[in-house]
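Next, two complexes with chain A in common: one pairs it with chain B, the other with chain C.
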Partner chain A sequence: MLLLRPQWLFKRLAQLSIWLCALGAGSAFAIAPNLQVLVVLSSNAAPYQTFANTLIQNLPSTMRVVVQTQSDSYDATQKNDLIVGVGVKASQLIVAKSNTPLLAVMLPKRSYEALLKDYSGKEMSAIYMDQPWERQADLIRLVSPNANKVGVLYSVSSHLDTANLSRALSRRGLGFYPQLLNAGDALFVGLDTVLDSSDVLLAIPDSDIYSSNNIRNILLTTYRHGVPLIGLSQAYVNAGALCAVFSTPEQIAAQASTLVSRFAQTHQLPAPQYPSAFSVAVNQEVARTLSVPMQSADMLKMQMDSARGER
Partner chain B sequence: MATLTSQYYCCFVITGTLLMAHDVYALDDVSESAFLQDFPVVLSASRMSQPLAEAPNAMTVIDRAMIVASGFRTIPDLFRMVPGMYVSAFSGNRPIVSYHGTTDDSARRMQVLVDGRSVFMPPLGAVAWEDLPLQIDDIERIEVIRGPAAATFGGNSTQGVINIITRDAGAYSGYKASATKGNGGVADASFSFGKRSEKLDYRLSLGYRHDDGYAANQYDINNDGYKTRLLNLRANYRPNDVDNLDFQVGYNEGTRGDGTNNGSPNTPHDKHNHEYFTQLTWLRSLDNGNELKLQYYHIYQNVLNTLEPYQPLSDNYTNTRDDIELQHTVHTSLTNRLVWGGSLRRDWTHAPNKFSGDQTVMQGTLFANDEWRITPKWLLNTGAMLEDGSIGTLNLSPRIALIYKLTPQQSFRIGVSKAYRNPSVYEERSNYQFGPPVNYTFYLSTGGLRPEMIVSREVGYLGDFPKYGWTIDARLYQDTIKDVIYETDDAGGVPKDFKNLFDASHHGLELTSKHRWGEASWLMVNYTFQTMHSNVQLPYAGSYSDTMPKQMVSALYATKIANNIDFSLGYYQQGAMAVIDQGTKDRQPFTRRVDIRVAKQFKIDNAGHHAEVALVVQGLSGAGYNDYIIQNQFNRRAFITTSVAF
Partner chain C sequence: MMRKTYHISSYLAWLTLVPLLALAVSMALFFLHDRFRSLDNNLQMRGDLIAHQLANSSEYGVYANNLVFLQNTAQGVLQQADVDSVTILNEQGVVLVDISRKNRGQAQQENLAISRPINATQVALDEFENKPLPQQIGAVTIGMSWAHTHTTKLRLLWSAAIATLLFLMLVLYLVYLTSRRIAMPIAQLSSAIADMGEGSLSVRVAIDTRINELATLAQGINNMAAQLQSERMVLQQRIDAATLQLKSLAFYDTLTQLPNRRMLEDRLAHAIAVSNRSGQYAAIMFIDLDNFKPLNDMHGHACGDLLLVEAARRIGSCVRMVDTVARFGGDEFVVLISQLTQDAIVAQNEVMAVANKICHELALPYTLSTKVQGHTQVLIAHQCTSSIGIAVFLDDNLSQDEILMRADKAMYQAKSNGRNQACLFSADAEKNQD
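Our next item is the complex of A and B:
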């Protein structure tokens, strides 16, 4: 007890008060678990709901989290410490109406960059929906060790980042065969051209090309050419793509919960990032039909994890 | 001034809002929906081609590139590109396609399917190739299964199966038209239209085909030309993500030259043939890649064969077929896939000259085929079909094939199968007679035939060497056929009959090599060596072992010789043989034929509009050869096809 000298006690109390002040920056006396978080969904469709449910499960129960399933009814006058915008539509509305820090999730990198450009002064960050090109290239290399050329069919509206994609592919010894589809060009003529010159076709988020209208005939055309399609999601694989690497709403929600908890401590948003956790899906039936020797999705995932570890 | 300013301000705000709105729209273009959208299941086990290295039989796939490069105008000619396949013609409008079989115009031991529809028809048990409501341009690919496959394809698949898969309803969109003109009376035309949409795709083809048939050799008239008009419609409707309805209808009609002036009462005249079909296939995708398929089709054939002025010499007939089949594909585990199902068929024939009354044949089948990946290197394929036909007995046709994958690119296959062929209604019940002035009975069946039985053993090797752009497919086989049904001699004015006349054994080697260079050049070579043995002494041909050529070679080379110019060269060689039902004067000597095709494409725009002019010369050397009988002389044929897609 003698050790409890007054100088020591004062020093510790001073440290504690600085600590508390730092935590309370912005809203007085807000401490970590009591953060007020609003989650705004772009729609109440299943993937958004799944994201919200998983996020709530992963956050401490003391944190006040409100989920708004319709982004249209978002009310900017209500006070929040952090808003999680799920999807492009919700994130756009929030950033246009509010100055509250925004964590935008489940939106393509390119959409986030457009937001950032339009609202440069706002405090925001993101977890993208898309996978880094490096990860896609890893998967292609693993499933097609003999592939030389990766074909990509894209329209102007997809704003494809050809430079980075090309770089990621060439680092793995893969050539890049991009085929731009201008307005008025026939989709299936462009598709035949790209398939004639490619060993695999990589799907990119482009609603002009990969619509549910077109997917059937796109897949049938790829089979005809014996060129496998690398999809963007489990739905692509179910429909008949060879494989896909993607992140589920659960995986993105787990990552978001970490960022929210960190925000509660630091009141700082990290740099925008790709999803860290991902899944691989494989359609063995397609693999067999196209005579592509194929490992299980789990094996591929393990090898991709170790490839990432080496980098 | 103030008003003006506020007006300007208003304009500015409105313009700004519009610009903003546009910007939001542009962003929406790249939304997360691409990652979240649901898709219909496109892949289906029954729609996909089976990889060659995993098929339980040797298989040759004739794809579109081969069809185009070959320059062939008619479907039967395509089978020249299959090892072991004999292609000839009874007359210019009655082609013969036979695999290890009897070389007459009834491909009795081979099943022929178009999108799963059996076109091997009564009364004779044959395929009316010229009557198929199908244009060569509407074929996606043909899978030819070399060897018995009754376990998967049902009755009559005792020697092999030709499985024609037509182009999908959404295979093209827009209009296509083509016209062909050449010597030998070649005059073809076609027009197609296709449209794709989210739930419904369809295509429609209209076609006309004509040629004068074979040149008469030592006869004054060889009346075997034809005029064929046909229509084909295919539609595919997808009401939701798991159901797929495919509807097809086709019609073929035209005249077929028949008869000769060699003194037979069958003087030159035209037959008039009609054929139509409707087919409906419902495919439901179940979970885990499983699938349910229900198919119904109806075929109608009518042949008006009347000799004026002798009305009694008419040999008309009408056939109908109704068939319904249910098939369930189920993955019982990650390494096991089972396909099972059943079918019911009713064939009806009205042929007053061929039978004493109308003939109805009912047939039911139950089948199951299991594919078990024992390890990644071993695959076991077992299957069986139980067939109950009202002609013949209850037959069980089993098959077992074991595939060993030495590497992912090389595999060995060893297979044994047993299959039955039920006698055709004609073999069992024929009464082919004409009243005066002919007053003669040509065939009179005593019936009571046993089904033919074949036991086939084979070893196969498939190698794929992507580094050298080379694939090789080799097959060694031994078939024993018991109770071959064949016609008796007509000596002494006694009508011919059908009997279980003899047993036979077939041995052979079949090789296919494919080599690719660069992106547009390839060479395919097929080689066949076959021997056939039987103790039978045939009425016309004599020794059975001579009735198929011992060696056959076919080769096709294709390349791009310049920008937008395709060149291809086909070579087809057939050893000497004696046609099974013809005499010594019709013996076929060693024949070879070279075909070439040169085509130039013209691109009209980027929207897929293009045109093409193609020249095909068949029998380049100009030395004619005989097919099947001496009066079928094939002379050099050259034709030009102009086509446009718009």
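Our next item is the complex of A and C:
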């Protein structure tokens, strides 16, 4: 129960911020009250639904918002001022079929970049799902003050931005040990190699390596090496990662509603961006098992916020 | 063709044993089938469970290619009962561990091979996609030995067979007891009936039974036998009486109760034989009543019959017990006197003395009491004499007829001599007459 408390607090805080944003956007209502927004979900998965619900709550009631829970039934002939594509699948579909400005949300940065490359002329922007490297590096520095080397296992398909990651880490005095896993290589062997040379393993969005089927064995291997895994979401922490920094659908929805309201005024989409709000989750049991001295998630979040403020 | 028959005990035994045998055997088979299936299922279930556990516990070993760990895990599984072999393969189908129990002593028996995939344990990471398909990262195969199951089955088979056999033996004994209670009385009754059929009506059945019908049957048979026996006795008495009567009719004169001609001939033959053997003379007397016919004519045959009866009595009183008085019919009587002396003259004298005595007796007056017209008793006085012819014989090579003829001739001689006298046959006199 104690572990759940911060979650609940965050949720409340997020809701409060949403209301504040809505109040702030109120002045824009008179200018573009009739903005027609279509929200297309990749699927009716719970996080997408949460996002859509929060977004509708956050947008002014004068704005006409239609939510389509199945991306397959998207009809390009209908006139919209803005389309919010939720998830990779919906965003891909919309960008392929329509010239309406697109705000893609809840997709990895790499997927958005691929879209941008394929449809360069289209008007679109995004709120990524991944966290900026700086933020990840802050967390690593906070939870493992003595760590020297951060290992990353990646496959070719992940197109890992090793340069930026390495820079973000080195700025905080952390070494970087990337290990490429070629197709056909045994995951275990690669993992063994990277764990042998690292103090912390940083998970990246790479479905070839981190999947529901693999995560248990990966975690077991990290435990055997005594190396903590920094996860990508609450689910990773639940499964046994030491900690994770991530943004909830509510947080992304709040950010998206701000962008939509701004679009109503300017009819301009901002540059693609990382989620501004984020959460931190910690698995204290894993910390105890690995003998890692661990602060609470709230404390970590506060320190990370203050570290960002310093930058 | 004679139909084949069986004892009631055999019938009873078959009627009881055959259905019971079928029942017992089918029950035993059902039981065995059920238990065998359950044993097979048990082995299969345990195998499934062991394989499942092995698949779970060897997941990380297969993933990490940790052969030592897998070997240890497999050894642990091999310690479990009935597990004969353990094989673990990785995703590529490469055999990582393949061990089997050794020192079996016997040739490797066929095993129940149970395979289970080793699936990666799924831990939900994100909820954006549908639940991913399970990923198979290897497989385990365990061989479950049938040996213990087979031993148990064999033991079950034996116990079922012995139990069935014991049951049947018990039933057999009970059937034997029951059939004895039914079949033995019936056998007794049957043999009694057979004996009665052969004529021994004195047979009685004494059976100790609690079966109503059999008791009734035995009682009935005994009663019937008793009834038959008494009826036969009555009949026998009647037959004996009738036979006696017939005999009497054949050999005795009904009126005087004297031997008739046939009996006399028989006794004469006997006397001839005795006389020939002993050398003693014997004699035949022919007695004819004089003046008999007028009595018949005057007073009727009933009156004549009374006279004949009285005459017979008188003749009888004049001879010895060994002598024979016979009636030849009408008023003719014949007396056979045997065992006279060996001397011819003495014998003739003795016979003559008897003849004269008879003559004298018969000549005495008769008082005959007769009924006239059915009720009135009338006394009739009558007197009649007799003529007697005598033939004495001894080893004369004479036939009976010749002897009787001689006596007859002598009797006529006496009649012609004036009646009321006895006349001795003499061959010389006959010659003279001729």
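Quick note on the criterion: the second predicted complex is superposed on the first by the 280 of 311 C-alpha atoms of A that agree within 3 Å, B and C clash if a C-alpha of one lies under 4 Å from a C-alpha of the other, contacts with A are read in each partner's own complex, and residues count from 1 in each chain.
Rule of thumb we're sticking to: a contact is a pair of C-beta atoms (placed from the backbone, for glycine too) under 8 Å apart; a residue touches a chain by one contact, two chains touch by 3 or more.
Because the structure is predicted, anything quoted here is derived from the model rather than measured.
Peer 1: Give one word, clash or fit, describing how chain B and chain C relate on chain A after superposing.
Peer 2: After superposition on chain A, chain B vs chain C: clash.
Peer 1: Please work out whether A:47 is in contact with chain B alone, chain C alone, both, or neither, and reply first, second, both or neither.
Peer 2: both
Peer 1: Looking at the overlay, what does A:114 touch: chain B (first), chain C (second), both, or neither?
Peer 2: first
Peer 1: A:212 contacts which: chain B (first), chain C (second), both, neither?
Peer 2: both
Peer 1: In the superposed arrangement, does A:235 touch chain B (first), chain C (second), both or neither?
Peer 2: Both partners.
Peer 1: After superposition on the shared chain, which partner residues are touched by A:94: those of chain B (first), chain C (second), both, or neither?
Peer 2: Neither partner.
Peer 1: For A:84, is the partner it touches chain B (first), chain C (second), both, or none of the two (neither)?
Peer 2: A:84: touches no partner chain.
Peer 1: With the two complexes superposed on chain A, say which partner A:165 touches: chain B (first), chain C (second), both, or neither.
Peer 2: Once the two structures are laid over each other on A, A:165 reaches no partner at all.
Peer 1: Share the list of chain A residues that count as touching for chain B in one structure and for chain C in the other.
Peer 2: Chain A residues touching both partners: 42, 45, 47, 87, 106, 186, 188, 210, 212-213, 215-217, 220, 232-233, 235-236, 239-240.
Peer 1: What residues on chain A touch chain C, complex-wise?
Peer 2: Of all residues in chain A, those touching chain C are 42-43, 45-48, 87, 106, 186-188, 210-217, 220-221, 232-233, 235-236, 239-240.
Peer 1: In the complex, go through chain C and note every residue touching chain A.
Peer 2: So the residues of chain C touching chain A come out as 59-60, 63-65, 120-132, 134-135.
Peer 1: Across the complex, what residues on chain A touch chain B?
Peer 2: Chain A reaches chain B through residues 42, 45, 47, 87-89, 92, 106-108, 110-111, 114-115, 118, 129-130, 146, 157-159, 182, 184-186, 188-189, 196-197, 205-207, 210, 212-213, 215-217, 219-220, 223-224, 232-233, 235-236, 238-240, 246, 283-286, 288-291, 293.
Peer 1: Touching chain A in the complex: which residues of chain B?
Peer 2: Those residues of chain B that touch chain A are 23-24, 26-43, 45, 48-54, 64, 140, 168, 170-173, 196-198, 201, 238, 289, 334, 408, 464, 466, 519, 606-608.
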